[in-house]
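Same chain, two partners: chain A is paired with chain B first, then with chain C.
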Partner chain A sequence: MSRIKLLRYGLLVAIGIIAVRLFVIQIFQHDEWTERANAEHISQNTIIAKRGEIYMMENDQPVEVVLNKAAWTVVVDPQVTNREEVEKAFSEIAPDKVVAKWDDVFKDKTRRYYVVARGVEREQVKKLKEKKLAGVWYQEGNERVYPEGDMASALLGFVNAEGKGQYGVEGSLNDTLGGTNGLLKTITDVNNVALSIGDDNVRIPAKDGKNVVLTIDRVLQKKIEKKLAEYLSTSKANHASALVMDPRNGKILTMATIPNYDPANYAKVEDGNLFLNQASDVAYEPASICKTFTFAAAIEEGAMTPETTYNNTGEITVDGWPIKNAHSGELGVISMQTALNYSLNTGSMTALMLLGGSDSEITKTGREKLFDYYYNHFGLGQATGYELNESTGLIQEPNKGYGLNSRYANMTFGQNISLTPLQVAAAFSSLINGGEYYAPTIVAGEITKEGKFVKADEKKAVRRTVTEKTSDTMRAMIWGTRGLQRLYGIDKPGYYIGGKTGTAQGIKDGAYTFDETTGSYIGFGGREGELPEYVIMVKIWEGGQTLEGTADALPLFNLLSDVAIDHFKIKPKG
Partner chain B sequence: MRNEYVSRRGGNAQISWSRNRNTVRHSSGQLGSFSLSAILGMLLLVVGLIYLTQGAKATSYDYEISNIDSEISELTAQKEDLAVEKARLTSVAAAENSQVAANMQDAVASGYANE
Partner chain C sequence: MRKHRSNPIIAILTFLLLGIGLIVIYTIGAQRANFMNSAYGTDYDQNFFFIHQLISVGLAVFAFIFAFKFPYAKLRALSKILMILAFAACGILALLALAGSSLASCQLGACRWISLGSFSIQPAEFLKLALILYLAGLVSQHKEAGTFETKDFWVPFGVASAVSLFFVVFLQKDLGTGVCLIAIILAMLVVSGAKLRNLVAVFVIILAGGVMSILVSPHRLERLMTFSGEGDASSSYHIDNAMMAIGTGGLFGVGVGNSVQATGYLPESINDSVFAVMGETFGFVGLMAILAAFTVLLLQILKVAGGLPLEESLVVAGVFAWVAAHVVVNIAAMTGLIPLTGITLPLLSFGGTSMIFISYGLGLVSQLSCYTGRRKEKDEGISSRRGVGRTHYASRRRSA
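Right after this comes the complex of A and B.
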């Protein structure tokens, strides 16, 4: 074979090999090579949606309490980064933002991605970039800022490292506040500048979260929290909560849980209970506060009046169990008003008997009527429907289970029932506002992108719990319980203030105990001759301590009631 | 194109013109294959240059857009920083801890509830 022929065949084989290879690449491996090419010049970035801000009210104007600030997360590639350089740069520029231990970062040589700093500020990033550190990336994001510090932390909640709201407003309204991230997919040049050429460019704009305005009064919240903290410093308790509500419309004006925590440093919190909003997340036994609901039901049904009398023997035996009064006095024939004044369990149990058409025993009818009032009228033991997550609590049905009479006897004074302070405050408001139940509300509206405050629709009364007449009677009865406060000048003339104590026994070894109790108090206040302007519910507790309604919660209410009168500038009558 | 008139007889121009003035020959106006290729190449070059110019123009706009985007982003961030600073300065916590507040009298003394 001549050399020219040999060369010709050789060339043919070479061309054939190239053709086959091209065929394989272009046909069989098309997708893979396209992907590799795209990876080289197509940039895909998430457009981060701006999380909505949270506002409170002050002088009828919204004020920011949770905002956003641009912050960067810094990532290093341990295989590329020079440890000495990067460590030195961070110690000089942003030592407080470092979240990793440098030894850990460079320990595992196979890792290519390690988050070393979070929450790095703009100026710090600028200085770090000037250092031109190899293998260091800066990811822009948003960080929550809390200008009021730890105020209302249990109410507001926090945003975790993944950008998801946890607890409180942040957790409950995460979908509203969070918005939806967008996408930018473009061909880029070597400088990573997005180019308009190319058919596959995609731009899906981010949908920013909504700015939520709360009904919370910022200044009142601060004042109430301050008073709570001051009070606790002189008390054997370290925990207290207070809820202030406008009984005329169900607006929540304050939701305070002490101690607070710093939401910007939520990870440092050791006690997870601090994250709970005690007013709505935690159901408990509000104890004798419930007597007001029992008496209201009996009065509404025409079974009793404040002047109705009964023989107080100090205890009533139900289902074979003697149920006693906490207060040992006032024995003999006394009125229901006296029973309420001294918070006698025999009084509320008698009211239940009367509700069932008997004066000596608890009947099925009595249980059914009490359940109807507690559950259907006052909305106890169920979610109130306010805008944040809440505990539903628990209420025993009248004809299911065992020991029903003794359970219902306990329910008349707030034991054997589990309620949130929010449920109690909403129901109590209806008792003293003329009988209308307003579902509690905490969202006042939203701030548009243009900065306009759009108010939420005014909430209307959901239902009537009792008639206006019964409400008037109950308001007077509850006012009657504060005779001593008026006598000692705690309640000033010209104001109309009423309230009811509650001391809930703790449970030890499956039985009620007086070794650990939670003190509660709910009250209303306003100008004499007018409907109350505020309802305040306080709760004070401490593990292993006895905190009482009268000794511990009532004085706290008195302080907060004064704060409310001053804050709302309620002038006394006359 | 300019026509050239060439005497077919040559010799003395004056004689030729005087003898048969109408005898002329037109030169061929056709382009050769090389010229055509060159012209085609030049046209392609021009079209290519126009394309590149447009592409460069689009890219320069992209850079301009990118710069403006960065500027918007920077200004938005500055606005946010200012909003945060304003919120901090006007917060109840800041007001409470201010020197002005420290020098103020306790309002409780003249409060409604304690009158």
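Right after this comes the complex of A and C.
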């Protein structure tokens, strides 16, 4: 039976070769294969932290204005997926969520991964899953939801596709809201699903973001935005912003930038400027509003009173350049109150001269004193320190550079200086609240995981800008500018309302121009005989239009002031 | 021919291997179900694969016992009918595939299964058994008539072999089963005592046919190219991941239920690639044990063949070649020694048809191991006298 032996030897040789081969693969090359396998099997997954939600205040209670909702990202494996089935299913169930072009998805035959839809809702996923589509995966994630629609969009900002906050509260407080992502290092199956195999798995839990409560009064914000939009519809301007602060504590109650954009569809916004919160992100020249600061400095230093007189010739020559008034009347000897009422540049320049101990020229001492007040007392040209990102603006130092007298002459009426409405409103508040500067604040506290509202510490005044006496004087002086409003019954008896206009020239081809201007107005209001309860700063602009403080911004302030009185239920005196 | 107790090792190893296969499918079946469900949108239950394997093992045990009990004398009378039935089954599959019927289950242009609802059968497995029985009868008949290795023998031998290979290699595009059939044909011819000259001639004819088949079928060429390092991605991915599974197993393996490669990285992890998953799970030690089990089983089969009259000896040699070809071709492919072919690891791979028919073949060998006989064509000599005189006690001593 040698023939059967032949089969036996044949078998033993084959088995022998296989045994040697196995020895080589499993013993000699073991480390090499293990390394390759680990490279293929182990995946590091980020555990996405839950993003904190954003609240505003309403009747002293926090209300949600930005919240999360589970949303799914859908990924297909183009090699496995049946194109017709998938395309049909999505066009039936979630056509609005498809982010890819189907031709692109199936163009590259080697791809195994293509994101075809984002933000797919729970119900849609359920229906899609029922179709049992081959090679389709659903990844759960979070999506922002905006129950108030586009309200306060420039203030709130948005969250981009990568889950990162952009602009506004979302961008500024991204670290607070975003929390810290965790890490999951794990052996996964071929679909990247974690397996409970092996002991090398690492798990660092995610730290969820905090829920932030803003000081913003939701109802007031809504009312103000509505008024701004209405006003714009009847005006030649098409941009407006309003900032409402409580001058007694620096709390920001409204930050409106109109027009709003839809934060859920931020990618469709064409004009990137709409993302900017005009109250804090954009520094500009607030113009004649700054006269209040110049006068306050001069009064505080004892260099003048509202009754101090000077001879208004319509212009003052500084460094060889005549600087004129915008208003051509009121020539002759007039009081500083009159100068403020008619917003005369000669008045504020005279105040600067007086501040420097002279009645005919701007001096070094005058410049230094004005800078000290503007920068150190009023905090102009520097960050206010509020919780969100802000522009610092720019202020010229008193002894650096050239043409300083001319620059400082301009600074007295708010040109050659770049400030945010937030800086101006905070400084203005200190002028009329008794002289205390409160850093503006917008975070009222947080909502804990258990749903408890933990209030932020009450902010104390940071410093004194002027004495209480100067503040009283300034409040009266600013009230004094609204004689016409009281005469025509716009300011109702029993209320105490004051304010100041500003018309900033645009800059065109490197030079000031009156073809493009931004109208501003800042004012306060409250019950007569008591400290003001609100400060409102409005700004209205549009490239190519001349918009004035008096003609355009002042009527807007009047409307908003009425809204505030109504909203805060301020009763008139008497 | 004397009757004595059967060789117990064949039955023991058969059931042992079936049991190991069941354990492996139990540990990776759930992962397989999850992967299929998520990747292909199927709706397999967690226990689907295990339950299917359990049913298959049950049927395989039944097939083994039936083959053990059903007398070979009755079976050999049916050999021609079985051969015709096997050809008919292959023919029906070919026609179904041609008609595009859903009853023919095709993968990548290879139609190998007749699908009947929840289970499918592979006619090629039946064909192997039928061919073994038919060729054994044919050789025996011509030996008795003195017409062995004449034209009267070669014509039916050639036709049966060629038609079988035509169905399997050309219509079902199953080179793995083709190799197995060739192994069966050659092994039986070797044992039949055919002249070396004729053996070489048959071998050359088959080789020429093999070269032709590769030139005709592009996917076969691709697999060869893969093997030489320049083929398509999916075949090299398959071999690479099989070797990765085996390699990560190391000396003792990662342990039952800890195979990562089975979670979707390794294609066909429960069918043709189950050896690789076992390598990852049980390591070098485990694979050596499994390899040893197969080797002992196959050597025992050869031992049985050695003690039987020619016809029975041919049947047993055919079964030997069948099982040996599956084991060697499957493992050699998984370890990158030869190109990838779709062929199961006997008794261990998921998939009922192969398991049931191989169990039948092993049951038949077990039945024949109860007999010891002398070669009819040989005059009594010292060697055959020893065979006649062997008692079952002696047999037990020798196999111990």
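The rule we apply is simple: the second predicted complex is superposed on the first by the 507 of 574 C-alpha atoms of A that agree within 3 Å, B and C clash if a C-alpha of one lies under 4 Å from a C-alpha of the other, contacts with A are read in each partner's own complex, and residues count from 1 in each chain.
By definition in this document, contacts are C-beta pairs under 8 Å (C-beta built on N, C-alpha and C of every residue); 3 or more make two chains touch, one makes a residue touch a chain.
Small disclaimer: the values here were computed from a predicted structure and weren't measured.
Student: Between chain B and chain C, whom does A:Leu67 touch in the aligned arrangement: first, second, both, or neither?
Tutor: In the superposition, A:Leu67 contacts chain B only.
Student: Taking the superposition as given, does A:Pro572 touch the first partner, chain B, the second, chain C, both, or neither?
Tutor: first
Student: With both complexes superposed on chain A, which partner does A:Pro147 reach: first (chain B), second (chain C), both or neither?
Tutor: first
Student: Give the label of whichever partner, chain B or chain C, reaches more residues of chain A.
Tutor: Touching more residues of chain A than the other partner does is C.
Student: Between chain B (first) and chain C (second), which, if any, makes contact with A:Arg122: first, second, both or neither?
Tutor: first
Student: Is A:Glu40 touching anything from chain B or chain C once the two structures are fitted on A? First, second, both or neither.
Tutor: Second partner only, chain C.
Student: For A:Glu32 in the superposed arrangement: first (chain B), second (chain C), both or neither?
Tutor: In the superposition, A:Glu32 touches chain C alone.
Student: Does the superposition put A:Val136 against chain B (first), chain C (second), both, or neither?
Tutor: In the superposition, A:Val136 contacts chain C only.
Student: Both chain B and chain C touch chain A; at which residues?
Tutor: Residues 189, 193, 195, 197, which sit in both footprints.
Student: Can you name the residues of chain C that touch chain A in the complex?
Tutor: 31, 34-35, 38-43, 187, 190-191, 193, 243-251, 254, 257-261, 263-265, 279, 283-284, 287-288, 291, 294-295, 298-299, 302, 305-306, 313, 317, 320-321, 324, 328, 331-332, 335-337
Student: Note which residues of chain A are touching chain C in the complex, please.
Tutor: Touching chain C: residues 1, 3-4, 6-8, 11-12, 14-15, 17-19, 21-23, 25-27, 29-30, 32-34, 36-37, 40-41, 77, 80, 131-137, 187, 189-191, 193, 195, 197-198 of chain A.
Student: Show which residues of chain B lie in contact with chain A when the two form their complex.
Tutor: Listed in rising order, the residues of chain B that touch chain A are 55, 58-59, 61-63, 65-66, 77, 80-81, 83-84, 87-88, 90-94, 96, 107-108, 111-115.
Student: Taking the complex as given, what residues does chain A use to touch chain B?
Tutor: 63-65, 67-70, 122, 145, 147-149, 151, 189, 193-197, 218-219, 222, 492, 495, 561-563, 565-566, 569-572
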